[in-house]
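Starting off with a structure, shown below.
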Amino acid sequence: MLSAILIIALLGILMGTALGFAAKFFAVEGNPLKDEIEELLPGSQCGQCGYPGCSPAAEAVVNSEAPVTMCPPGGKALAEALAEKMGVSIDLSAVEEKEPVVAFVHEHLCVGCTKCFKRCPTDAIVGGPKQIHAVFGDACTGCEKCYEVCPTECIEMRPIQATLQTWYWPMPVKAA
Amino acid sequence: MHEAPLLGGPYAHEKVSISRTMLWVMLALLPATAFGLFQFGWPAIFLFLVTVISAVVAESLSLWIMKKPQKLFLLDGSALLTGWLLAMTLPPWAPWWIGVVGALLAIVIGKQVFGGIGQNLFNPAMVARVALLISFPLEMTLFSSPQPLFSVGAPDLLESLEITFGSAGQIDAVTSATPLGHVKTELSRGLTVDEALGGTDTLWQLGLGTATGSLGEISAVLLLAGGLLLIYLRIITWHIPIAMLGTLALLAGMFHLIDPASYSSPLFHLLSGAAILGAFFIATDLVTSPVSIRGQLLFGAGCGALVYIIRTFAGYPEGVAFAILLMNACTPLIDHYLKPRVYGRDRSGEPLNYADEDGEA
Amino acid sequence: MRLFRIRGGVHPDDQKTLSAGQAIENLPMPPLLHIPLQQHIGAPAEPLVKRGQLVRKGQLLARSQGMISAPVHAPTSGRVMGIGGYPAHHASGLLVRTITLKPDGYDEWDDDCEGVPDPFTLAPEEIARRVAQAGIVGMGGATFPSAVKLNLRKRYALHTLVINGAECEPYLTCDDRLMRERAEDVRDGVLLMARALGVEKILFAIENNKPQAQQCMRNAARSCPELRVVGLPTRYPMGSEKHLVQTLVGKETPARGLTADIGVVVHNVATAAAVHDALRHGRPLISRVVTVTGGAIRQPRNLHVPIGTPLDHLAKYCGGFHDEPAKLISGGPMMGQPLPSLRVPVIKGSNGLLALSKDEVRSQVEMPCIRCASCVNACPCGLVPLNMAAHIRAGSLESSVDLGLLDCIACGSCAYVCPSHIPLVQYFNYAKGELAARQRAQHKQGETKRLIEARTERMEAIKKAKREAMAKRKKEMAAKKAAEAAKAEAAEA
């Protein structure tokens, strides 16, 4: 009886010490996870998540300050990828798939102030001073930075239309 | 044209549904059940009805709690079938509350708690039977010899009501052990198998259905006929029954050859107990058995081996319920590892490469 | 000839008696034709005509774009009324760029449409070129540009041409009638394609539920020992390219590969007839045989229809509907697509207009999956549909790919046998589409990063240039000041 107690106590002490040493000597410096997460984010520094850019946002995700569903442009695909990286499980049905939008300039209202194209992070707007601006739909990420500054409110954020090449069958609606 | 949500093809369908499948299984069980009910008289009939009705009521209650559509799920026939199969494994003269408790265990714990139809891991009827066996060993092991309806020794309606619903318990005069139980006790007393069985009369009894046992252990011949009907209708495939019975027969044959005095013959094992009922109706339960052919063969073989081991070396005389539950637990693993080979790929999942085979591009 | 077994498959009631006895009839020209510029797999054709232009029958309306594409020709003579968006022959109901043509009633052929007296003297490349020029695409429904398939000769070691006369979809009888009525033309086209491919062996496969067609083709092929007519067991999906080849040759096409990888190329019967028309008579692909059938149609028929004819014209010719059809489908009931309306035109790949009545559709409520494995037994590709559907329902599309989603041919055998009436194929089509959309989104992300980096670099370069300009100006100012100061000193001194 006594010998059993002593042996178990000894084992506990030994293993605890071993774990303590391992925690000290095998500790990981820094967090490479942050860079991997930053790679996954769109990188357009749009700020829709509430953080001043994708790098601080990645930091927040790594420290678990922000949920993996925090990036609206990334949608479900990004949420799933981040969840896999962080090793958490998420309920994707809660992720609001924000409809992707692209900016569109209503040319009859544009005065050529150049405020929008200076702000566009992907150079998707073409135009010069006193010249009408236009948006390259393919390059636009829908970050809405141009939309915020336009003085004549000529920019409209339009949802992306499906084409024959991009349309696909919706998920079946379950009855029971 | 598209007011309703877009529904994809195909727009043709075979005449199948869940309720049709359940109906056919019940039809296949009907001859054996009817014969068994006739053999054991009114108490058996009352117990059967109580069990089946409790099963349907339990299902209805669970659906109401889960706020699912009642009519849709009650009409698919799965609760009815579960109750029916459970009733087949109970001692025919057991008290009514055994049937009710069993039905509740089967439907609520064995099926609905997992998420309803299609989601359960274990066969609901077997879950209930095993739970009853362990909780109420006395009532679940008290069998009586057949007293066919309208025969001399059979209890009449009033006496039967007393047996099933009364508190008196069973009439001791007609209790007897099942052949399996009898052989096990005799073997433990040191007798040989032949002495315990007393000749091949018992085999005929088992085959035709005049031996002692639960409803599902009675007529091997009628159950076999029902099972073959299901295979013909392609409701089940032959892989699980043949694998299970084959393995059972093989193991029994091996041991019987080595020591005929201590080990029963393969034919005895095949015909006694719930072997045939289990092989054709319980192990083949669609929800809890593997989906691939190789998986089904392994599943069946495992069931057969476990049945033999439990019957011969373990404490209980009948092992079908335990064997099936144990193999049900392995089903997800079997499904994960034994998948069919995909067209155009080899067994490991890589695209086929004909260049390797004959050296030509 | 020894045939090999395919796994799975189903045996639907073929319902071909509704229209199998109807000889092909020429449909009268409708008042307007709508010819889409995308009727094939690949890049849409680029229009060469303008609004108001007069065109002749067979004249080139739009040229092909790139390697995988096909040109579009005028089905009759008339005036181009417009080029713009029109509802596509597609389940989505989206618009596609379409040329609207008003027939002038004269049906005059273009002068360029001249055949070659003996096409067998042409080189294989020339045959393929003419096939491309004629806008011929796979007419079994896949609409893959046939010339590209003929040119596979260049990259693969081919030895057999298989002609797909299976027509395994229920209700459809257009290929059946074509084989019975134009067996000689079909044979001619087949031999030309064999020449273009450079193969010696030809296997003409016809399902055993078409004995007259088998007989007609055997008679037509009597003069050619290399062309062998083979009877196939009646089973769906025997007409699937990969499974057809497996039945005839015994080899499975490697996953993510082509039948050409095992030396076989498959073409449809109607495509062969079109090749004959193109080479012998110089006629491009401007019409096809369509089966109009189903319980809701008054007179099921097989019609020879100009491309671009609105479907309501076909329905009207067949006596209209008994009562409102429960479903309108393009193609067969197994793999056909629901039609958004009857306004849409007939295209090169439309082999059937199916008007199903309520009894024929037999739709029921979807129940939970009971893991009965009927779908596993029915799947001709050895997949486990119930597993894939469960993963897709749970949202993990990547794991469904690991289970073999991309090997699924969407034949519908699994959904056909499901007792729970689960729309399995819709789950798979949804998943495939969603994965493609995610890939596009991924690609866009990469491009966005690239653009942002380019912009950042540009801004940095601007800043740097500014700084250097400033520094240079400062230096110049300083130098100028120093020079002036020195000058002033010198002047004083």
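Should a chain be cited, it is by its letter among A, B and C, assigned in written order, with residues numbered from 1 in that chain.
Following the convention adopted for this analysis, contacts are C-beta pairs under 8 Å (C-beta built on N, C-alpha and C of every residue); 3 or more make two chains touch, one makes a residue touch a chain.
Only a predicted model underlies this, so the values are computations on that prediction, with no experimental measurement involved.
Relative to chain A, which chain has the most distant C-alpha mean position?
Between chain A and the rest, the longest centre separation is with B.
So using the touch definition from the top, which pair is joined by more C-beta contacts, A-C or A-B?
The greater number of contacts lies at A-C.
Based on Cα centres, what is the most central chain?
That would be C.
Express in whole angstrom the distance between the two chain centres, defined as the mean CA positions of chain A and chain B.
53
Based only on mean CA positions, could you tell me how far chain A sits from chain C in angstrom?
Inter-chain centre distance comes to 37 Å.
Give the residues of chain C touching no fewer than two other chains, as numbers and ranges.
91, 365, 367-368, 423, 426, 429
Which chain A residues sit where two or more other chains touch them?
Residues 169-170, 172, 176 of chain A each touch two or more of the other chains.
Give me the residues of chain B that touch two or more other chains.
Within chain B, residues 6-8, 72 contact more than one other chain.
In their complex, what parts of chain A are in touch with chain B?
Per the touch definition, chain A meets chain B at residues 169-170, 172-173, 176.
Can you list the residues on chain B that touch chain C in the complex?
Residue list for chain B touching chain C: 1-2, 6-18, 20-21, 72, 76, 78, 116-119, 237, 286-289, 291-292, 335, 339-345, 351-354, 361.
Quick one: which bits of chain C touch chain A in the complex? Just the residue numbers, please.
38, 88, 90-92, 94, 96, 365-368, 392-393, 395-396, 422-423, 426-427, 429-430, 432-434, 436-438, 440-442, 444-445, 447-449, 451-452, 454-455, 458
Under the stated contact criterion, what part of chain B meets chain A in this complex?
For chain B paired with chain A, touching residues are 5-8, 68-69, 72-73.
Would you mind writing out the residues of chain A in touch with chain C in their complex?
The contact residues of chain A facing chain C are 42-45, 75-77, 80, 92-93, 121-124, 139, 141, 162-164, 166-172, 174-176.
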